[in-house]
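Chain lettering (A, B, C, D and E) follows the sequence in which the chains are written, and residue indices restart at 1 in each chain.
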Amino acid sequence: EDALAKIKAAGTLKVGTETAFAPFDFIDAGDHVGLNVDLFAEIGKELGVKIEWVALPWDGVLPALEAGKFDMVAGPATITKARMERYRFTAPIAEATVAILKKASDKAITKPEDLAGKAVGVGKATSQLAQLQEFSATLPKKIDVHEYVSFNDAYADMAAGRVVAVANSLPNIAFVAKQRNGVFEVVLPPFGKKSYFGFIGTKDADHASLIDAVDAALIKMKGDGRMAKLQEKWFGTKFDTPDSVKDPAF
Amino acid sequence: MMFDPKVILDHLPEIASGALTTLWIWIVGMVLGIFVGFLVATGRRYGGRFLDIPLGLVVEVLRGTPFLIQIFLVYYGGPYVGVSLDPIPCGLIGLTVYSAAYYSEIFRAGYGSVPHGHVEAAECLGLTRFQTIRRILLPEMALIVLPPCVNLAIILLKESAVLSIITVPELTATVSAIGSAQYAFLEAIFVLAVIYWVIVEATAWAARKTEARLSRLRFSAP
Amino acid sequence: MTLPAISISKLVKRFGPNTVLSDINLEIPEGKVSCLIGPSGSGKSTLLRCMAFLEEASEGMITISGEALGYFERPDGQRERLPAAQIRTVRSKIGMVFQQFNLWPHMTALGNVSEALKTVHKVPKREAEDRAMVQLKKVGLENRAGHYPSQLSGGQQQRVAIARALALQPKIMLFDEPTSALDPELTGEVLTVMRDLAAEGMTMVVVSHEIGFAATVGQQISFLDHGKLLFTGAPSDVFAKPRHPRLEQFLDTYLDRGASMLA
Amino acid sequence: MSFKLFFLLVKAAGWTLGISVISIVFGFLLAVVLSAAMLSGKPLYTMPTKLFISFFRGVPLLVQLLLIYNLLPFIGINVPSVVAAIIGLSLCTAAYQAENLRGGFESVPRGLIEAADMAGFSQRQTFLRIKLPIALRLTFPALVNEAIMILKSSSLVSVVGIVELTRMAQDLAASTYLPLELFSAAGLIYLIICWSVALLSSTVERALPGAIK
Amino acid sequence: MTLPAISISKLVKRFGPNTVLSDINLEIPEGKVSCLIGPSGSGKSTLLRCMAFLEEASEGMITISGEALGYFERPDGQRERLPAAQIRTVRSKIGMVFQQFNLWPHMTALGNVSEALKTVHKVPKREAEDRAMVQLKKVGLENRAGHYPSQLSGGQQQRVAIARALALQPKIMLFDEPTSALDPELTGEVLTVMRDLAAEGMTMVVVSHEIGFAATVGQQISFLDHGKLLFTGAPSDVFAKPRHPRLEQFLDTYLDRGASMLA
């Protein structure tokens, strides 16, 4: 019997995540909330199981998935070629294209190209970092890239003034800008290649039916408008996402 | 999970540079910390109440809070009060101040371990306070403070990993970044374990040698 | 008569609320051996330490060959502290030998004796060591110069401590129970050195449990009890009967020991 | 920063305190065994103990925790977060405490043990009734220091999924974007805990009989 | 005549290459006070520790009231170690009082005295403490039962140490310089307790620098020098002239002190 059957028999689906990743997963006044929480609540209903959350710092999440500490990972993570070699992603749940967050008071930056020669913060070993470096190469003057262990440190450093902008996926920085209205601002349009966020599972045969079932549930929610409503709730906007990503842009 | 040594070999130069960064920040921060710590202990001993009480308070605050939080507040909070430091200087200052708090306590105990009579003998012979510290107190406490100093050095080495949150490219951050970029977590953990272990054992070995030499030099036949 | 080597007047010493020395008046004659005896806790060490300015008296005055030590008395009777440099000058006339020797363990015997010559008096290393060797020879330890304190017997350590004090050519030597940390047989070595010093006319003040030494070498004996100087005089006066009842009781403790088998 | 946020930090501090205290107790018991093994002088006991101490002092706690949490499942032991955290902290602190205690055992004056020999104590009775209490008394300050170190190091257990004080501050900072306020508050809470421990221990130390002069 | 309390034959003790006791033959008579005297380093403590089996002799035999201690001699002359339980049984006849007292600092006076009764002899707590109190009363410390060693004076500590040894009702008491760590005035307390024990007929072996005590209380005196037993006999023989030249020289050290002012 495979993973899905075991999960149904036990009645709980264990999902690993990191809770410092607003608006997907975060702690709001002590409660674990976010798009992931709402989406998995619906997935749970579709599969007929309860959801059990395991929160870890991001460094620990994927090793723990491989160690079998939980059945899949919410996250989500940007779907990339390299990652698809090691993991299986679900249907996309949001756009992940990289854009710029800057201080609202900073009038010198109006478009991504204005970053040439400036200091910009980004997370260490992320797909956003790769995108920013690629973008930097196209500019007349290189961007001074600062790498942080977490994006939250990058925001703190922008507030402290060491970097003028932070490059991150659109949904995330849109949420930051909304939370610190008047302090931070998103610079449109996004400069990165179009990319998407998906949940993560393992590639082994045992788990294939589980991810298939989650995919089916997500596509069903997209069809009946529940997905759009939740995106609206957490991002203030909704995204057009394909049913599956076979060939990511990078 | 599979163990793939290729990941390590491919990134040897980055790993080595991370290790070197950790090593030099650790050594410089520690040496400065020992120096400042000694000054603090001396100030507290001879400076009267007006130096002893405030310094004691600062030492206790530094020892009572995690290094992570201190370094975060200094680096990200500093600019709000007009102190904007670059990562490496900030990391060095942080490590120096944090270790100075601990080292000052070690030296305070060191001062206490020298029999008061030895100081009185110096006083009777007319040595000034500075001469007494330099010629009598320091050499006499050297052997006693060496083991705790080494212990602290080892703790500091591991604490220095915290500097990654202020973007210092030290060993732990470098290796775990390689781990997550390549999804090679097992390999990363392994590399970290081995490198730190080697540095710690080398330090402990050097300390044992120094201790043996010190005690041979000072208290045995010429 | 010459000026007394040390003159103590109306000295009071308090530790917090406890008065451990009250109204001490004492003159230490020059060129003689003075002994302080008395039961444990009577204040002998404290009085000696006041003479070396290791303790500061709470009241009263001490003069060394007529010069004020630590404090001088203003015409209005108030005491005022002297500048540190002046204290050092007066104190340089005094050498102190501690009960626990207090040799510096990280220096050889020669290092211990020559250290102050080098650092305080800026004597060049070679000369300082030559002068130190002279003192070590005087206490019979020229062949132990390179030994560290931990490699010397108790008696040898105490003799190095004496040489260390002598190297600075003090006019007065203070000894605080110089032999009580020693084995009976080691005691002999140190007492011999002290007898030699006495013979040379060194002014010495000795706190001692060695009643035998006090009786044979002491030229003035002072008996302290509960912080009071009960008696000062020549040995013949001190040991002659009838004695002060407290002194009688004190001496009995000793006579009980060591003496009874002489019969 | 609202009172609500502060309250959440205090609640997370409960985890910090709880996990640390349990680990300190377990670690201490293990340390007694380890130090006894070191003192036995028999290579059969001392060799593995030396290896244990070398590993747990030489390798960062973070790595130890990741190993316990993610590697044990591969040999069929799936430890829950709390257990992994307690195991990791206990083993690490045991290595340090064992060294402290060994120093303590070695400085128990020989004569006190001879006195026990003369009174007919067996080796075990001497260890439990004489050596251990005296070694404890001698090393008490060092043991407290190590306990405070563990209190602070416990922030690393978030890698196995426990939301203790530091992690809670990070989580809250990630949604409120008020990192400075949250980290200052967390620092204050650590300070209060550490000072309380230090104060308590110095009171206990004064009350403990048997200082060796 | 009864069996000697302790009988030592052909005892040799080496530490590494150094022979510190050579060919010691000695009988300690029952119910008497035997004293060991001799210069520092002569091996007195080592001999006493051999009697308590705190040191294992390198050669030779010790018997306690006829029972072999530690080793027994096989018919072919080889020594063989006895089982640990048997060593404990024989050793239980011996009480030892150390120079440095060696009281357990984490227990009260009462705890120190009653501890072995409770843990080793499994006497119930109440009864053990009652019996301990009897011993404390004997040394005059019933009102110090609840004090920790650090709260007692040296003389009181040493008396607790004596009570601790007495509580196990040994047949023989060994004392290693029981007063040399004490102030002269505190010494008296301990010597009084020892005199009382002697009067009760306890077999005692005392290593002592207190020549006075040895001369007045000792009934057998043994003089050790350089690991050799030079002389054993009654006090009158030991102190009578002409003496063994080494003993003469040794006694002089004492006579020099304390005695000379008796004249």
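Convention: a residue touches a chain if its C-beta (ideal position, glycine included) is under 8 Å from a C-beta of that chain, and two chains touch if they have at least 3 such contacts.
Given the structure is predicted, the values throughout are model-derived calculations rather than measurements.
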Chains touching both chain D and chain E: none
Chain at maximum distance from chain E, centres defined as averaged CA atoms: A
Most widely separated chain from chain D, with each centre as the mean of CA atoms: C
Cα-centroid distance, chain A relative to chain E, in whole angstrom: 82
Whole-Å separation of chain centres (CA-atom averages), chain B against chain C: 46
Centre-of-Cα separation between chain D and chain C, whole angstrom: 52
Centroid spacing, where centroids are CA-atom means, of chain A and chain B in whole angstrom: 39
Multi-chain contact sites of chain D, meaning residues that touch two or more partners: 66, 70-71, 74, 179-180
Touching two or more other chains - residues of chain E: none
Residue numbers of chain B (touch at least two other chains): 1, 76-77, 80, 185-186
All touching chain pairs, where touch follows the definition stated at the start: A-B, A-D, B-C, B-D, C-E, D-E
Of all residues in chain B, those that touch chain C in their complex: 115, 117-118, 120-128, 131, 135-136, 139-140, 142, 218-222
List of chain C residues in touch with chain B within their complex: 52, 54, 88, 91-92, 94-96, 98, 100, 102-106, 108, 115-116, 119-120, 146-148, 150-151, 161, 164-165, 168
Sites on chain D touched by chain A in the complex: 4-5, 7-8, 11, 66, 69-71, 73-74, 78, 81, 158-161, 163, 167-168, 170-177, 179-180
In the complex, chain B residues that touch chain A: 1, 75-80, 84, 164-167, 173, 176-178, 180-181, 183, 185-186
Contact set on chain B toward chain D in their complex: 1, 60-61, 63-70, 72-73, 76-77, 80, 154-155, 158, 161, 172, 185-186, 189, 192-193, 196-197, 200-201
